[in-house]
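In the two assemblies presented below, chain A is common to both, partnered first by chain B and then by chain C.
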Partner chain A sequence: MKKVVIYSTYELSHQEIDKLVEKIPSLKNYQIVNQVDKSLIAGLVIKFADRIIDLSIKGRLNNISKKLYEET
Partner chain B sequence: MSGLGIDIKLIIAQIINFFVFFLIFRRYLAKPFAKYLDEEERREQLKEKSEKILKEEEDRIKKEIEKHKKKLEIDYQKALEKMKTQVKDQREKLISQAQKEAEEIIIKAKEIERRERDQLEKETVRRAVELASMILTKALADFLDDKDQKNINRRIISHLKSIN
Partner chain C sequence: MKKLDHLIEKAKSTIQEIGTAPIIKDYGQVLEVKDGVAIISGLSNVGYGEVVEFQNQVKGYVIDIDEERNGTIILGDYLGIKGGDLVFRLGYTLSVPVSKEMIGRVVNSLGHPVDGLENFTQTTNYPVEKIAPGVIKRKSVDVPLQTGIKVIDALVPIGRGQRELIIGDRGIGKTTLAVDTIINQKGQNVICIYCAIGQRNSKIASVIETIRENGAMNHTIVVSASASEPVSLQYLAPYTATAIGEYFMDQGKDVLIVYDDLTKHAWAYRQLSLILRRPAGREAYPGDVFYLHSRLLERACRLDEKYGGGSITALPIVETLEGDISTYIPTNVISITDGQIFLETDLFNSGIRPAVNIGLSVSRVGGAAQTKAMKKVAGKLKLDLAQYREMAAFSQFESELDEQTRQFLNRGARLTQILVQDKNQPLSLAHQVAIIYAAANGYLDKIEVTKVKESEERILSYLNQKGRRWLERVNKKNVIEEEDEVELKKLINEAL
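Our next item is the complex of A and B:
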């Protein structure tokens, strides 16, 4: 079975993981591995083999910085 | 007559003597001398004539020389004027070219300055954004506790639209 890694700032509970699976049904086909990464500040990053879903504060901040820089 | 002391024979002899002398004088002295005087006069006239011709020739040559001098002077002045005009044209051309090159250099310098200024502005903005991002990251990391993080995760998950 393929693996998907969910990075979070703390260890996610089963309820939280189940709610995620509800929102992202394709996660059912994967073996979910949860890793703690404090650098995310808050939120989650879901890393598939071929894509990444960035729901973290850190990711948002990076996007904002990028947009601010591009506008100049 | 002899009582007066006049000798007729002597007088006749002297007269004959005089005529003979006159004839000899005329033949051998007067004529050559006259001839010599004529010759001298002729030479003198020839000399005067030659001198006159020479003088005329000298005057003519002087006039020619003067004429050539004037012509040379005129040609020289013309050439000098022509050269002055050419130099002036060349100078103006060089000045115009130098001005054009100076303008091009100024335009290029302004363009480089503009580009560098833009680059500097972008760099300044990038660093400012980077710094702001760093400060905000640090502030949020310090500010958000576990409870806040859980709340944020809950809100993220609840607001998440279905993804396939």
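Our next item is the complex of A and C:
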């Protein structure tokens, strides 16, 4: 079974992971590993083998800073 | 305060624009970093020529795809990239911002200004690599591109949309020739692009200074990838310059691009290819080094009026060693271009500047674009010079020569002298025609060879004072009619 790593700012409980699988059904086919990464500030990062879904505050802030930098 | 408010407003609108949609990206990881090249794993869906972004926001350009790993060239500083860094796919092929505001500016291979002035505000993106226009869209070259250099306009004329190679050893005026051509485009409605590849920064600075001093910066763009920049940027520079040129050509404008020089471009590509472990061929260049330059120079063209009627004229420069034009890169580029201007060290040292070797220089399509006025005077010049060269070789051993031969040699020596021209002093068509007319018709035969230059100056200054109307007329009509010829004869006689 392929692995998927979910990064979060605190260790997720089973209920929380189940909720997530409910929202993203494709996660069912993967073995879920949870890792803590405080630098995300808040939110989640879901990392597949070659695709990343960034739902964190850090990613969003990065995005804004990049846009602003490009435009000015 | 106003500026701050403006920035805050902008930030607010940007944040709103971005919204809360999740960010989904394909990613890979850096396996190896080498000089200007990174090997990455993952990114199985990436396409050739696509842009990727490293974790530290430096961009990369995919030029090698394998089953499990991809080779990318790093567009920028590669010292900050570490093994294991994430690489994201951006999903578009490499393009550069182009804009009207670029005129008069210095940009790098990525189209960003490097002259310390403000950024461009209104830009569109143009692809760096583009397939050249096909036969349907093209038209044969028929409008002249005046270089302002007598020997070139008379003997190896260049037309708009032509590709003419400038080839010769180091330090004998290749760049000068190209820069003079740029200077002469003042008021000719031609946008010039000077693309420096692998040059010393000091040389680029002095070229820009020369262009500026001669008031030619208002129609010129400089694309600079100096020797100190990563080879990846040196490799890209000519393609970027062409992309900028295509932007103007698509608006129906005429563009002149100088690639200075393609030898160093081939070196940059050789370095990248060797690092990517592509099989090395002759002189360690990869197998596709011909295609490297042919796809670049094919993009120079003259479009049919139906497709806007713009043009790109290319003046690639290639440096030889010891005047040897039979090495790999020179032969390649000679066969791609529509002719070459061959500069020679011996001529340069004997004071014939521009040191053009007339016998080896040709223009395969420019003849159709030569103005009628020039054609009229240059035909005779070409013939006389050819005969002079032949006879001069023979007569070195003969002490006694018949009258006719002596006269030929006499004329030839003077013709050679009038083709000498100081740098950064391009002449208008009418000026050139007048001087060549005078020499080819024997007005200078009685003057000593060393004083030909003086007489030339005398004729030019006399024309500038008394022959204004004649100059204007010929420059406007591009033809010499009978009455013009009569008047010219009179003017020359008066001047001498």
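Convention: the second predicted complex is superposed on the first by the 72 of 72 C-alpha atoms of A that agree within 3 Å, B and C clash if a C-alpha of one lies under 4 Å from a C-alpha of the other, contacts with A are read in each partner's own complex, and residues count from 1 in each chain.
We adopt the following convention: a residue touches a chain if its C-beta (ideal position, glycine included) is under 8 Å from a C-beta of that chain, and two chains touch if they have at least 3 such contacts.
Quantities reported herein were computed from a predicted structural model and do not represent experimental measurements.
S.K.: Quick one: classify A:26 as touching chain B (first), chain C (second), both or neither.
M.R.: A:26: touches chain B, not chain C.
S.K.: For A:36, decide between first (touching chain B), second (touching chain C), both and neither.
M.R.: Neither chain B nor chain C is touched by A:36.
S.K.: Chain B or chain C: which reaches more residues on chain A?
M.R.: Chain A has more residues touched by B than by the other partner.
S.K.: After superposition on the shared chain, which partner residues are touched by A:63: those of chain B (first), chain C (second), both, or neither?
M.R.: Second partner only, chain C.
S.K.: Thinking of the overlay built on chain A, is A:53 touched by chain B (first), by chain C (second), by both, or by neither?
M.R.: A:53 contacts both chain B and chain C.
S.K.: Residue overlap on chain A between the chain B contact set and the chain C contact set?
M.R.: Dual-contact residues (chain A): 53, 55, 64, 68, 72.
S.K.: List the residues on chain C that touch chain A in their complex, please.
M.R.: It comes out as residues 7, 10-11, 14-15, 17-18, 20, 22-28, 42-45, 57, 86, 88.
S.K.: Using the touch definition up top, name the residues of chain A that touch chain B in the complex.
M.R.: Against chain B, the touching part of chain A is residues 8-10, 12, 16, 19-20, 23-26, 38, 41-44, 53, 55, 57-58, 61-62, 64-65, 68-69, 72.
S.K.: If you look only at chain B, which of its residues touch chain A in the complex?
M.R.: Per the touch definition, chain B meets chain A at residues 121-122, 125-126, 129-130, 132-133, 136-137, 140-141, 144, 146, 148-150, 152-154, 156-158, 160-164.
S.K.: If we count contacts the way the header does, which residues on chain A are in touch with chain C in the complex?
M.R.: 49-55, 59-60, 63-64, 66-68, 71-72
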